[in-house]
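Next up: the structures, one after another.
Paired with subunit B in one complex and with subunit C in the other, subunit A is shared by the two complexes that follow.
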Partner chain A sequence: MALVTLKEGTPAHRAYVIGAWAIAAIVLIYVIFAYRWGFAPGSIDKAFRLTQINDVICYAVAILGLNLVIGFSGQLSLGHSAFVGLGAYTTIILVADHHWSYLATVPVSAALCFVIGLVVGLPALRIRGLYLAVVTLSVAYVFPTLVVKYDSLTGGPNGKKPARDTGKMNPPSWMPFSNAGRLASPLWVYCILLVIATALFLLVRNFMKSRPGRALLAVRDNQTSAAVSGINLPLYKALTFGASAAIGGIAGSMLMINRPFASDVQFGLPLAIFLVVGLVAGGAGTISGAIPGALIYVFVPYFMSAWTTDQRGMPPGIKQVTKPLFDWLQGRQGAGSIAGVFFGVGLLIFVFVLPGGFIDGIRRLRSKIVQVIPNPSWLRELHGSANPPPTSHSPSSGGEVTPAAPVVAAVRTRVAKPVSVKKAINLRGKTT
Partner chain B sequence: MATTQSVNESIGKGYAALGRLGQKRMISIGVLIAVLVAFSIIVAVQHGFTLFLQRIFDGLSNGFIYAAMAMALVLIYKATTVVNFAQGEMAMFGTFIAYVFGHSLGIPTPLAIILAMLASALGAAGIERVLIRPFDPRNHLAVTIVTLGLFLILNSLAGVIWAYDNRAFPSPFPGRNRSFSVLGANLEWANLFTWLTVLAAVLLVSLLLSRTKIGLAFRSVSNSLESSELLGIHIGRTLQFGWALAAAVGTLAGTMIARTTLLEPNFMGRVLIYSFAAATLGGLDSLGGAVVAGIVIGLVQTMSGGYIGFIGSDLAPTVALVVIVAVLLVRPSGLFGSKRVERV
Partner chain C sequence: MRPTRWKKSVVLGVGAAFVIASCGSSTKGGSTATTVAAGTATTAGTGAATTAAATSAATTGGTSAATAAATTTGGTAAGTAGGATEGLVNGVYKGIGDFSIDPKKCPADWNDKQGITDKEIDLFVSLPKSGPLAGFGLLADGASSYFKYINDNGGIGGRNIVLDAKDDAYKPDQTKTNVDEALGAKKYAAFMTVLGTANNLAVWDTTNDECMPHLLNGTGAAQWGDVKGHPWTTGMQLDYFTEASLWAKWLVKEHPEAKTVAELTFNNDFGKSYSAGFKYSTKGTGLSVVHQELHEGTAPNLTNQFTTLAATKADVVLLETTGAFCTQAMSEIEKNTTWKPIVIMSGTCGSVAQFFKPLVDQGLTGANTYIIQNFKDVNDPANASDPFIQLYQKTMTAQGLDPKQTTYATGWIYAWFMTEILKDAAGYQGGLTRGNIMLAARSIQETNPLLIAGLTSKMDGMKDAYLTEGGRMAKYTVTDPKALGRFVPSSDLINLEGQLGTYDTVKAAAAGG
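== the complex of A and B ==
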């Protein structure tokens, strides 16, 4: 049993929810001011670490987009790196060759990727399952070859970057860090990326609670039943692919805002696979899972390859255990790719031990401490106040109402107020 | 009376529909062949027959290798109903093992390849037992993620062990770099031997599946898991057999490829994409389809790259992608794949 039980809608529960969000907001805002005190762990260059944090935001958005296709609509797409790359190249080409500002390119790459995503998603209407996985995988493989082929536009294998300081992001003077020198620009980028990412996360979260969002879940859980229930499968599948590609494209633009350099190797098959790894590690089908997924994607390879050359930065507890391994790796030519082995093993461990990913583990842990008893708003409205619905202790129900009260209430609602039936269905969709 | 008649009628209609289904498949295959033949005639007339024959030979050399890899993919798909994304890396690892046997231990190359095939079959059987069998075969996402994890592990492990240098893989065939002329076009002896080896492997695998008891069990399991279980077939061991067989075929294909390209941990990437295309084009559960489609993909790649100026070698993967998307739009389960019937 949980240590604390909270009933939904009570002041205590409200305080719990607001407190959790406040802590998340404080952590995110802390980054802005942390440059004064440095970033834990290690004595790394602050601007570099900030750029890495910005990378995390971008990849979190990319994984969020991928989640829409894999986690929420159940279609296995392995070609998301191509959309991220397309968005990135759209931004970099518009900025470098046509002197647009970075932010103005974001809607353009979103729209372009939406259209291309629809086109790639068209096969998804007829192809399903692993056939689709293979097709999208070849999209991921083909994208870098196209970049190399049209090198007059994309810069080819040499990469493309705008001329020095073109459209550089400088904070306005009212920001508290505008005089932070070299750090001012990455800090301002952090703020911008954070705003974009927050908007997208909220958008996806609310979308999944809406009617089309629930339709998507129905398609994932049983396609045939969903079609029988009147869900337009082709429409939903194509639109999901398009929307997911658009979010991927925005992630690509965000990557370019952070590091204005694009080359073909960045957006190849490895990125496609690592995005899936991040998705599974964070938690497929969860919105917040994109954040731990992106953290793992950015920081694990970095530390792994750093430790193959220098073991001093390693946390002391791990150091003794892994020393022989890293000693053996030291001086080996391909030692940097040990991160791939760890990624693969970690992926297997996740699939075996925590199939729901990191977020699922956190939730299980949390359920040991705090348990929230659902008491949805429509049920509260029914009883005219924020008071809990009648239980066996209250005299009005005569003692025969058991913990199945919400169901009984739902039936009663249907008789009393037809409008609320939809809400009752919504509630059931949420709990199952 | 009237009921019997109507039932008979509807059965007749059902058979007619089945016949039409077969016809549809023949039509789409016919269209594909007609396009290929028309293209061949046009370019043969335009650019000369010798060049055309030369390109056919090159295309076949690629195509047979794709066919072998696609066959390995199909074997695993039939066994586990999952696409093994680690197939190429398993083949790469097997090829490295053959390289170590041949180069460091001094075993003659053909023997080293056979030993490596055995080793990779053992390894794949172990992988199946430890990583694949714990999962419900119907849980596609989990098994697919496991194969992606394997992809990462094998690729990076090979990088850590053997680094990313290019190594020359010795040819297992006699007559090195020698060729003979067929109607003016050159054909390397080694390429001819490659075709024959792959054909022998196809023959051997189909004999193994059609003439042995485990082959019968394998076909039964790939047809219906539940019924096979009821018949008393040991599902796990049968699937293990499928994985081992696929790994051995993959390693054979890997060594055939490494002979022409150079050996390094990423050398299977390009081949794998074409083999995926071939397996998908043929229908993921048809061995014959994989072989035919492998050869078709090889020919399409060489012909389109060779004759259509702007495609060149850069856009050949794009052409392969466009071909499979076009085919899958018309026939969602490939040219020879079996159609799925869904029940609620």
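== the complex of A and C ==
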């Protein structure tokens, strides 16, 4: 039983929801002023750390896009790195060769990736599961080769970057940090990326609450019954691939805004795999899971590598234990690979401890502290009379509020919870 | 299908793959060829390519080793002018060859004593320590081992040299992350031996904007001679453009009967650098390129290319490629019974164990292939009496490292240059500062003791931006077809010291076709 129970719609519940969002917003905004206010945990007031945080935002968007295909429509796509790369190269080529501004390239990346995504999604209409995974993996495999092949356009293996003086995005003078020296540019990039990412997260969140969003879940849970319910499977699958690729493309553009340099190895197979790892580690089928997923992708290998190379910044207790190992590895070929071993082992442990991903773990932890009791009448009020009241709750609840009830509430507030399609549709009293 | 069903198995698989991949890549990256190897195998080249026997023990190495040992007393204390004319004069760093640095053009918070204290000089390197090219990570350990030797013998005027190495897995974006972090840390005096062409290209604008000495790059691209556009960046290796010029000089001198040349070129900067260098140096000679075959890094084999090349019946074939393609090319040529050209191969494929061993396994030899060498092989018994190599063997063994690893020796070469730069800088007006380190890096006059006797390593400010520009042709000679052969010197030294000038020469040559 949870420590605190909150009834939906009560002031306490509203304060809880608004408070959580407010804290998140304050933390995100605080990053901008950390250099001025002095308190900067994790050196968030340093240009390098800010660039890493910006990376996290970019990869969170990339994982969000991947989630549309894998987490929400249930199709295993491993080719997402190619779309991120395509978006990145679109931006860098337009900026470097055609002198576009960075932001103007973002819609172009999105549109281009949407079209290519649709095309790549075509096989998804006929094949499923692991076969689709192999087909999409080939896209990820081919992309770096194409980059090298068309080196006059992409810079080939030497990479592509804008002319020396035009690489940075500098803040307009009205921004409070416009004279913060080296920090000005990464802070400005942070603001821009944060706005883009917030917009995309809200977009996806609202989309998943809409009818097409529920239809997508229906496709994931049971294609046959979805089709029987009148969902146009080919249309939904192809559009999902397109939308996912478009978001991936935007993520690529964002990466270039943050660090204007693109090379073939950056968007190869490792990125394709790591995005899936980030997705699963964060929590497939959850929108917020993209954020811990991206944090894991950016910071875990970074700290692993930093600790295995010079053990600086490592927690002192661990340092004593691992020192003989690193001393022994010193000067041995491929000693740096030990970081990869640790990462692999860490991932294995992670899957056993948090099988549903990071977000699932947080939710399970939260459910031990706060429990939100659904309040159907409040929901009816909130959504107006357009939706007739649900005919029945889940059979086990029997009208009484039991631990099963939050699941029903979850369908209302977070469509992401795996819940059977019939239940999801019945709740709205509609069958699409 | 719910995601939960396959989620666990996917993650399990990926996790296991990480473990396997990480363990797997710690073995020597023999199959690193294909696309990535292009700009990189070069470093192996400098270390491993020097497999030939050095002609005599009477090398200049003797004196140079003495120079190295003299480090103990060398390096006058900071602040003493030492009578040198170079250094900080009237607010501007002035070096030789019209090279100067105006600190006013550097960022406002630029500190010319950053990373230099009375006790320590902090240096930074980013290079692969994981991934397929993890073997190159030993370069940093080799360099550190030489620095340890220097530190144990007094350091640079009492200062210890400390080299911090970070892994970038040969990914340029990771290199950029590492370099950004190192720049932000504000604790390094200079960067040295950042590995890989793309990796250095990714960061050199930033290092130059930040006025960070970015020295002795671990790649042979000709760009590092761009003293005008990137005064803070220098290279070390014999660049590919010059290597191909050496081929041309050798052919003209030793094989005047050869008239037609066919090229097999890796379709990237690396391959095209060779091609441009060869054309540049054959202008006005009787040599002409009759055909050029390009190949991609993804080519499964070179059979088609060699069918076309053989049809030209050219007198000479140039193998401007690297990695496994070298082996494939030698095999194609040897299997052809009617076409017997002079074969000249990129120095990046000089490792006998790596590139010739597979031929022996196929019943072939690769005999009579020529390559350019410029550094001594530390493992060749003929070099055993060389004082610097003796010092290397002794020091490595004492430090518990395997002297047979030629990548360590390559690390010693880089570290030796870095040490000389620091010693010179300490003697300039104003003492050991970052500005003076940069001046010293552009004014190296000392000859590296591991260079083949007779070669020089010199820089001359704006006039000569390339350090090593010479070499010797060596022929792969096989006595027993079932065993590995060795490289035997087959020409006098060809030293083009100072002739290439700067990257402008290369750009003009490339533009002129």
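Observations, loosely collected:
Quick note on the criterion: the second predicted complex is superposed on the first by the 346 of 432 C-alpha atoms of A that agree within 3 Å, B and C clash if a C-alpha of one lies under 4 Å from a C-alpha of the other, contacts with A are read in each partner's own complex, and residues count from 1 in each chain.
As a working rule, a contact is a pair of C-beta atoms (placed from the backbone, for glycine too) under 8 Å apart; a residue touches a chain by one contact, two chains touch by 3 or more.
Predicted model, so just to flag it, every value in this text is computed and none were measured.
Looking at the shared chain after the overlay, A:170 reaches neither subunit B nor subunit C.
By the touch criterion stated above, A:198 is placed in contact with neither subunit B nor subunit C.
When the two complexes are overlaid, the chain among subunit B and subunit C that reaches more residues of subunit A is C. Looking at the shared chain after the overlay, A:146 reaches subunit B, while subunit C stays out of its contact range.
Once chain A of one complex is fitted onto chain A of the other, the partner contacts of A:156 are limited to subunit C, with no touch recorded for subunit B.
Of the two partner chains placed around the shared chain by superposition, subunit B is the only one that A:134 touches, whereas subunit C remains out of contact.
Of the two partner chains, neither subunit B nor subunit C is touched by A:377.
Once the two complexes are overlaid on the shared chain, A:273 sits against subunit B and subunit C alike. In the overlay built on the shared chain, the residue A:126 is in contact with subunit B alone; subunit C does not reach it.
When the two complexes are overlaid on their common chain A, residue A:228 makes contact with subunit B while staying clear of subunit C. Residues 70, 76, 128-129, 145, 148-149, 273, 276-277, 280, 284, 332-335, 337-341, 343-345, 347-348, 351, 355 of subunit A lie at the contact with subunit B in one complex and at the contact with subunit C in the other.
Residue ranges of subunit A in contact with subunit C, taken from their complex: 46-48, 51-52, 70-71, 74, 76, 128-129, 144-145, 148-149, 151, 156-159, 161, 164, 167, 181-182, 220-221, 259, 261, 263-266, 273, 276-277, 280-281, 284-285, 302, 305-306, 308-310, 330-341, 343-345, 347-348, 350-351, 355-356, 418. On the side of subunit B, the complex with subunit A involves touching residues 77, 82-83, 85, 131, 134, 140-142, 144-146, 148-157, 159-165, 265, 269, 273, 276-277, 279-280, 284, 312, 314-315, 317-318, 320-321, 324-325, 328-329, 332-334, 342-344. Contact residues on subunit C toward subunit A in their complex (touch as defined above): 1-4, 6-8, 10-12, 14-19, 21-23, 25-28, 35-36, 38-39, 109, 128-131, 134-135, 137-138, 141, 145, 164-167, 169-173, 176-177, 180-181, 183-185, 197-198, 201-202, 205, 209, 267-269, 296-298, 400-401, 405.
Residues of subunit A touching subunit B in their complex: 70, 76, 122-123, 126-131, 133-135, 137-139, 141-142, 145-146, 148-149, 222-225, 228, 269, 273, 276-277, 280, 284, 329, 332-335, 337-341, 343-345, 347-348, 351-352, 355.
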